[in-house]
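Got a structure for you, written out below as structure tokens; questions coming shortly.
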């Protein structure tokens, strides 16, 4: 009989506990007991990542950096290559004295190919480990997930992969290409080949959607007709139905924005349908040295648009390839994202040494015009949007699954993530 | 509410047929089940006794007609049939083994309860449940999980569930099977006590039990009604002997 | 015309793969009540077996011919191992087998990643499969035709085993009247094992067909397991004809929906259609009738 | 007659009353302990990062508490709770996106992928009260319709599990396919405020955690009441012998539907608090794999125990964060092994070890002993 009152009593008690706890902690937090990034109100507190706000933001003789890549999940294979070149760069920098005399101590985290995990881990790196900067991320989803965290914690992220543009955060440095350095050059190349009809094939994903939006608008200006547009979910590999549409449309070229392993199914279906380099050739933006031999079909003669190929001839590139292969094996190819990641760490070193500080505000203030003689050529940072100027390259796959450069943009292209310099671009149109 | 209905309740079955993919498990059965008498349903294995009950309680689809209080039971959904006051037990006693005896009975009493009451805990033992506990003699075990009960006790619990449910029609499927002689007697006496204001149908193989308690007997064979009548009439029926050929003695004498 | 033939033929090929994935499921589910969520990983194992065979033999055409029995054996033995080590302790708890095999699937995926790498490996189409024949305006790839032939052969083989061999008769007896089969002296335990072996092996053969579409991939099983289960659910349990029809219908319907909408929407709509179908036939297309109450 | 009845009543209920009272006390004391840890100890001891993570685990635990109800008590293996988690999460995220866009503004991604116009059905989510209403009403409506369609047709057991998992696959695929309306694969992210509070303010972060933990406690109390109610008994009866329940005059589909809808609402509220804490909600938080993760916690903790699902979910969340830090590739093995070992050897989860632990304590060896204990105490 006493159960009901008992229940009520206990519940009231519980509610009281909860209320008390709420009160206690609410008060506690306003006393700034938190050891995390300082509050959101002040803009001038500097590097949230580092405790000390005075001087260089890093005490002692080491600087902590975070490497955040997926080592598990479907993206692991791609992101592992990025981590390999980051580690290579860190070891090289340490061997030559570190950054401003401080040795790099890198902390590795696994993004598990899941955007929320990226958000959680970058939060850990910035607020728990208090690293001075984080390097990593691959998918746009992972970058979008990290963006609010890195901004909220006032930290730094170096993102090494070509992406869909339309973004510029003062807490992120983008060392991969934005659209006007990859997509637009690719379209210019197609125009130069006299292409009249184009078919768009992509994964059902942010990058292909945005890239194709840009392609469609630019194609109008160039007088290229889009004769089809197909998307397939990232995890689906059977492209037979869609390729049949390509075969029926007989386009001059296929613009391929498919991600990851879905490419394998696409390429196979494409060759089965009787298509090939002489009949509706493909230009890809995500097939590189790593992927080309894994297609299960001979892709010789097909094209890809990047800013770096292993075949790029320069002393810096030979040095990079030699260092990489002596560390990881001679069978390991080097690719654009790997090069961009390698470059990102050196760029960070150069900015810090110019700023003479690891503090985020100081780094940002010093970043404009900082350059590095990268394997792809000399790259220079644009402080207004945190992107770097890159040369657009079109490669044609040869029998050794290397890329022969067949087209080159007229020198490095200034980054323009929002395509402000392109009058045909109207973001509010489909 | 039952007082006015004493002796008037009945189920009238006409042309009941149950068809399993062309095999007629019940083939055009006509049967009237009257209130106030212990009606035994006997017959060899596969005669269709259980299928008949299944059809009347909504477990299998049957065609024909089975009228109870002006409603055709065939085609009604099982829980609706129960809500009309028709309950049954199963050949293998099916009780909620994880729940206590008391909880088992309390759930059975729920058919008369408002749905909203379900959200509250039981504060006391409802009177009907307490009475039934006493009637079936399981007071001492009221708070033990039903899973630990002996076979006979489970059967009693099932009967008890029918009692708290206040089922006006009860179908008991081989309830005394596996019970000791004493237990059978207690069960039989219980049935005699409660039968006056109820319609009770007992499926049984135990002929001694039948002879002792049956008011009326229906013999089924191959999906059809073979014979009907009092125990004496059935025992005298040559057709019944023929069906039980080989075990002919069974109807007359004990095994 | 090719607006109809393309999805129809492509869908039939997809249905053929679904069939090979679903045959094992319907057998083990019908006979033992076991829900094997790791069946998708047997597809994957078959695909990797095909890849490994091709690496060893080199000649793509010969390798493919060899790969079919090899994949059958590899996946079948994995299935047998699963039965012997885990499933047999779980026959009393069929719903729990579902979760245990989810765990097995995760382990097998990670194992494949560690052994073969997270990136898929290519399986080369033999030259005699690399081409197409025009059918009403659609250049039908030989590979799809091959897939359909492969599935029909698997189905034919299985039906023959079930119909004419002693094992087959025992399997059918066990599916329909387990207790009776036991009392008749049929060793139901070893029958269960053989069923598991056969069902998993068929998934392995399906894996070969998938490898020909998109190469190997540690996670390729996950993309097929749910559609395969929908096939089992829609087809009804314990009878091959339901599974065959359901696999074909699901394959073709998905292909048409893909054609009309998009690959993503097609998956969503197919699921919706299965739920609607279950409203009409909750037991699926065909079902073995038993008289048990539960 | 009346006297015997009275005696029967007392004998019937005296022992359990003591035992039940103990159980009642025990459960509430346990919930209060969890409340103490989550609401008092944690906020004062953990770093903001760990606290934020704990808030996420609590949001998963809310879904897990619902799974415990539907699966542990109701026998419905719900393998698609990510869908309802997602309904709540996306509802909240849509509101936060519109808050970030400001009055009259539209979410940034719509310009990025689409033509810069907002679909009409987004508009109501500008309103905070509507959002809160939708967090409960949406999953309730969806789970009711789906549950009605599936359960009334007596689809159960493995069929039910598979259909719910297929639902999760379909839902995630639908989100990915509708990139212009839902952000697609990337999901919704880059929020600035939640109901006007700055998400980056440490006080707000702590507040979000406390809301998450407090809601979890409230859910535990609700489920506790569910379990001890007549409905709770009926649900177990339905789980163990569905047909028998039908022959007691109940429609088992309705009994199960209640648990299914309740579980869906709990998952949805969990998702709604997850989105602001994690700062993102994406298809990978709601797909089949995410749903299976929710099941993992419930299985580990004990599907039919009161605290099992919640504590199991928190443990799995914690394991995912910390184990993956130390053994990045080992995590998947661990997760798979967890399913195999727990389901095979500890089907009732870690909670089933509790009685064994308890039996080691003196005076609690048997129900009789418990009775004596209870009487002495009372």
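Per-chain residue numbering starts at 1, and chain names A, B, C and D are given in the order in which the chains are listed.
As a convention for this text, contacts are C-beta pairs under 8 Å (C-beta built on N, C-alpha and C of every residue); 3 or more make two chains touch, one makes a residue touch a chain.
For clarity, every value in this text was computed on a predicted model and none was experimentally measured.
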Chain whose Cα mean lies nearest the overall Cα mean: D
Greatest separation from subunit C - chain, by CA centre: B
Interchain centroid distance [CA atoms averaged], subunit C/subunit D, Å: 33
Separation of subunit A from subunit C, taking each centre as the mean of its C-alpha atoms, in whole Å: 38
Inter-chain centre distance, subunit A versus subunit B - centres from mean C-alpha coordinates, in Å: 73
Subunit B and subunit C, separation of their C-alpha mean positions in angstrom: 47
Per-residue multi-chain contacts in subunit C, two or more chains: 110, 113, 222, 262, 264, 267, 293
For subunit B, residues contacting two or more additional chains: 59, 90, 121, 124
Numbers and ranges of subunit D residues touching at least 2 other chains: 173, 176-177, 225, 243, 329, 332
Subunit C-touching residues of subunit A, taken from the complex the two chains share: 72-74, 76-78, 80, 204, 230-233, 235-238, 240-242, 244-245, 247-248, 261-262, 264-265, 268-269, 271-274, 290, 293-297
In the complex with subunit D, residue positions of subunit C that touch it: 29, 33, 35, 86, 89-90, 93-96, 98-100, 102-107, 109-110, 113-114, 222, 226, 229-230, 233, 262, 264-265, 267-268, 271-272, 274-275, 278-279, 282, 293-294
Interfacial residue positions of subunit D with respect to subunit B in the complex: 4-5, 8-9, 11-13, 15-16, 19, 225-226, 228-231, 233-234, 236-237, 240-241, 243-251
Subunit B residues touching subunit D - in the complex, by the definition given at the top: 57, 59, 77-79, 82-83, 87-88, 90, 94-100, 102-104, 106-108, 110-111, 113, 117-122, 124-125, 127, 130-131, 133-134, 139-140, 142-143, 161, 165
List of subunit D residues in touch with subunit C within their complex: 77, 146, 149-150, 153-155, 157-159, 161-163, 165-167, 169-170, 173-174, 176-177, 243, 288, 292, 295, 299, 329, 332-333, 335-340, 343-344, 347
